[in-house]
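Structures given as structure tokens follow.
Next come two complexes, and both contain chain A; in the first it sits with chain B, in the second with chain C.
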Partner chain A sequence: MADGVAALETRNLELWYGGFRALRDISMAIPRTQVTAIIGPSGCGKSSLLRCFNRMNDLIPGARVVGEVLFDGRNIYDAGVDATEIRYRIGMVFQKPNPFPKSVFDNVAFGPRVNGMDDNLEEMVERALHRAALWDEVKDRLRRSATELSGGQQQRLCIARALALEPEVILMDEPCSALDPAATLKIEDLMRSLAGDYTIVIVTHNMQQAARVSDMAAFLMMEEDRAGILVEYGPTSRLFTNPKDKRTEDYITGRFG
Partner chain B sequence: MKKDPAFRQQLRTRQLRGRSFSVLFLMATLTGILVLTVLLVDVLRDGIGWLDWQFITSYPSRKPDEAGVLSALFGTLWVMVLTALFSLPVGVGTAIYLEEYAPDNRLRRLIQTNINNLAGVPSIVYGLLGLSLFVQALALGRSVLAGALTMTLMSLPVIIIAAQEAIRSVPQAHRLGAYALGATCWQVVRHIVLPSALPGVLTGSILAMSRAIGEAAPMIAISALVYLTFIPTSIMDRFTVLPIQIFNWVSRPQAEFGNLAAAGIIVLLVVLLSMNATAIILRNRYQRRTEE
Partner chain C sequence: MEIRTTFHKRLREIQDDVLVMGSMVEKAIGRAITALKNRDMALAHQIVADDRNVNDKRFEIEEKCIQLIATQQPMASDLRVIVSVLNIITEIERIGDYALGIARIAVLIGDEPPLKPLIDLPRMAEKTQDMLHRSLDALVSRDAESARKIAAEDDEVDNLYDQVFRELLTFMAEDPKTITRATRLIWAAHNLERSADRVTNICERVVFVVTGKMEEIEASKY
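Presenting the complex of A and B:
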């Protein structure tokens, strides 16, 4: 892949939690404006890898990154880079919907507000809610608490909250694992409609989901010392139909994991 | 269904034991309530007849008919307000630092252990500390300020612990969500942690202070004054507080002073209960607001 189209690129990335190595030698380039899925068995470091992309691991005491994560041509772990700026440009959606105990409006407006973009808040919020396919459901209850929404609506609100900052990349950490199939379908449709404008990286347990939504897929697994490694990375269609690595094949055909 | 007689027999025993424990626990509960009721009834019977406007608006006197709690009541209010002003910002600030900023290292654990231990130090020790530190070393005299600072020292550990618990109960998912949107640590504290923790912080703080207000021991060390015939008008004035006044009346042989003490206790209880009521009202109001 040419350098110009990678939104994010890791080079020999290692992640340590204290003395425990959670990730080893991860090198991958995530293409711009496509959906990249990270799959693999539980505990292999998928979510840890995802958190490397917006420096959320900084918040975990003892976490340390070795190697590089290139975003916009520079290593986000360089001394001069502010994690706050990275998170402003790279949004994140979590496993469990986590709306703030505030109104729908204030939830979406939170990002713009803390980043000092107070002009045209109304317009920004409406645009983000439209983009997250939630506007019609909440337009009459913007001032009511976000916690009254259903789980699926809450998760789309969290996506809208991330979109309000117009991020270049959106990281999603198993965004549907707490949702029912109907709500899951809506989020998946949303992901497909967002791809093209945004670079999306999604961690998922669900093979079918990865096959349905992603353009690229990365298969991670644990080695004997419990460090996660990148076994195989390539276009989703190829990875699922014609895996090059025996371990990938075993995993996607359900022989282990 | 199994018809095992041994099981049946054992089941009856188990259920009997279950029932007897529920009775036991009910009795434990009733004991506390009963004692409280007896105490209240006794105090009310002794004091209610003496509790009138004259009692509220008079200074202490050698003649029971003319004695009142005016100076003590205002002393208590002064100390209470100043204590709140000092201890709330410092206590909540400490709790925020320890929970949201301090790295989890030796120093933090040392501070935490110290705070936990300080919460258990007898109040008279704080009184003596206040006496030597504020009254003597800092030459504040036996002033309202010295009293309030002593009360602040005494309530701080409890306020810090209550605030820490309130802050800890804010879901981590909310903090992470805010960080992921590019919020700084202070913005997370200001917009996410504090609004959710505020009801708990307020309730804990007010309860800690109402506890302090009822303490006589440290104030006796600081003030030791009973016949005060003026209301403090500045923080450097001398003062007395309700528990000291009550303590003084109780220790007199004449029966009338016993009744005065009971009336004083009623006034103190009203002050304490209204503080607790404030805590409850504030908590309910903020909770409703965060749920909206």
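Presenting the complex of A and C:
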């Protein structure tokens, strides 16, 4: 991928948990302001890979990264890189909605406040809620507890909370797996509306979801030593209609899993 | 480990149905030419009546494909098979219509005295039947190479068509009283020529199933 187009790029990335190699030789460029999906069978290292993109694995004892993850041309694992700053610029949304037990407003305002960005806080919160397609549903209950929201609303609140920090990249780890179909479709719709302004990387077990929302798709699988490898990576439109690798074909047509 | 056994079983059944439909039409071509050759009106009427079964079979297969798309979210080669089957059954159905057309021509000719013994027309029919049969085998065996080869054989049908056309032209030139009968035989030949062209379309779909690429095979000069 040409320079300036990739938002994130891994080069010969390996991830170790103690003596266990969870990922091997992952080299891929995530295009800017598009949606990239990572698919693959359980345990193949999808979430581990996603967490490499904003150094979330740092928080796991014994986790070690070899190789490079370039963000803005700089390896985020270089000495002197502030992991917290990376996580502001590369936000994350998790499998289960995890709003703070605070008001809707305070959830979204949390990040900006911690960072001392509290000028125009109301405007910032409203903008983030609008972008997360949640504003109309919560504008009259901003001071009510976020835990009163439905699961789908909570997940959009978590997306708003990430957006409030004006990130460049949003990582989503199975963001719909705890949601019903209608809420799922809303999140998918939201992802499409955020693409163009944000780079989104989503890990999903749901192949149809990957096919619906992503521009690029990566297929990971486990090798015999249980290390995850990147089997195939390409435009979603091709990967789901005419994959190049037989293993991708077998996986997406359900001939193994 | 095969996971989607039910889905893949249903996908195989659909392809079996396509083979059944193909053999119905293959038979119809042969019987239509026999009706024409032997002036067998009963047989001709039977072919006209049987065409309904071909159309029913087509809708049955189409319905099964729609069901699989709606309920099973087919991907990759599975998706290509289903989409191609939807195309292929349209082609087969149309070839069935051409056979029906020949049966109607046989009825039109009725018991007029024969213009000449039919030799090249049955050869065209045999070649077309053979191409149709093998194109569907190529679909089931995922054989793009065969498909391309079968499509190229359309030239043979075209050449026979030229021959039939030239020969009947000489009849008409010599004796204007033969024009009606000769023209009807040209219609029949034209139906066969078009049938073979439809087989090349089937071959294009087979190539797509195997390679994922749409390539136009320009076999026919007509």
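To be clear about the criterion, the second predicted complex is superposed on the first by the 257 of 257 C-alpha atoms of A that agree within 3 Å, B and C clash if a C-alpha of one lies under 4 Å from a C-alpha of the other, contacts with A are read in each partner's own complex, and residues count from 1 in each chain.
Quick note on the criterion: contacts are C-beta pairs under 8 Å (C-beta built on N, C-alpha and C of every residue); 3 or more make two chains touch, one makes a residue touch a chain.
What you see is a predicted model; the values in this text were computed from it and never measured.
J.: Once chain A of both complexes is superposed, is A:Y198 in touch with chain B (first), chain C (second), both, or neither?
T.: neither
J.: Now for A:R87: first (chain B), second (chain C), both, or neither, which partner does it touch?
T.: first
J.: Mind working out whether A:F105 is in touch with chain B, chain C, both or neither, as first, second, both or neither?
T.: neither
J.: When the two structures are overlaid on chain A, which partner does A:F219 contact: first (chain B), second (chain C), both, or neither?
T.: neither
J.: Quick one: name whichever of chain B and chain C touches more residues of chain A.
T.: Comparing touch counts on chain A for chain B and chain C gives B.
J.: So in the superposed three-chain picture, is A:L59 touching just chain B, just chain C, both, or none of them (first/second/both/neither)?
T.: The first partner, chain B, only.
J.: With the two structures laid over each other on chain A, which partner does A:T241 touch: chain B (first), chain C (second), both, or neither?
T.: After superposition on chain A, A:T241 lies in contact with chain C alone.
J.: Where on chain B is chain A touching in the complex?
T.: 103-104, 171, 173-174, 176-184, 187, 191-192, 195-196, 290-292
J.: Residues of chain C touching chain A in their complex?
T.: For chain C paired with chain A, touching residues are 1-4, 7-8, 73-80, 212-213.
J.: Which positions of chain A touch chain B when the two form their complex?
T.: Touching chain B from chain A are residues 54, 56, 59, 61, 84-85, 87-88, 91-92, 94, 96, 98-103, 110-111, 113-115, 144-145, 147, 158, 161-162, 165.
J.: For the complex, give me every residue of chain A touching chain C.
T.: Contact set of chain A toward chain C: 207-208, 211, 240-243, 248-249, 252-257.
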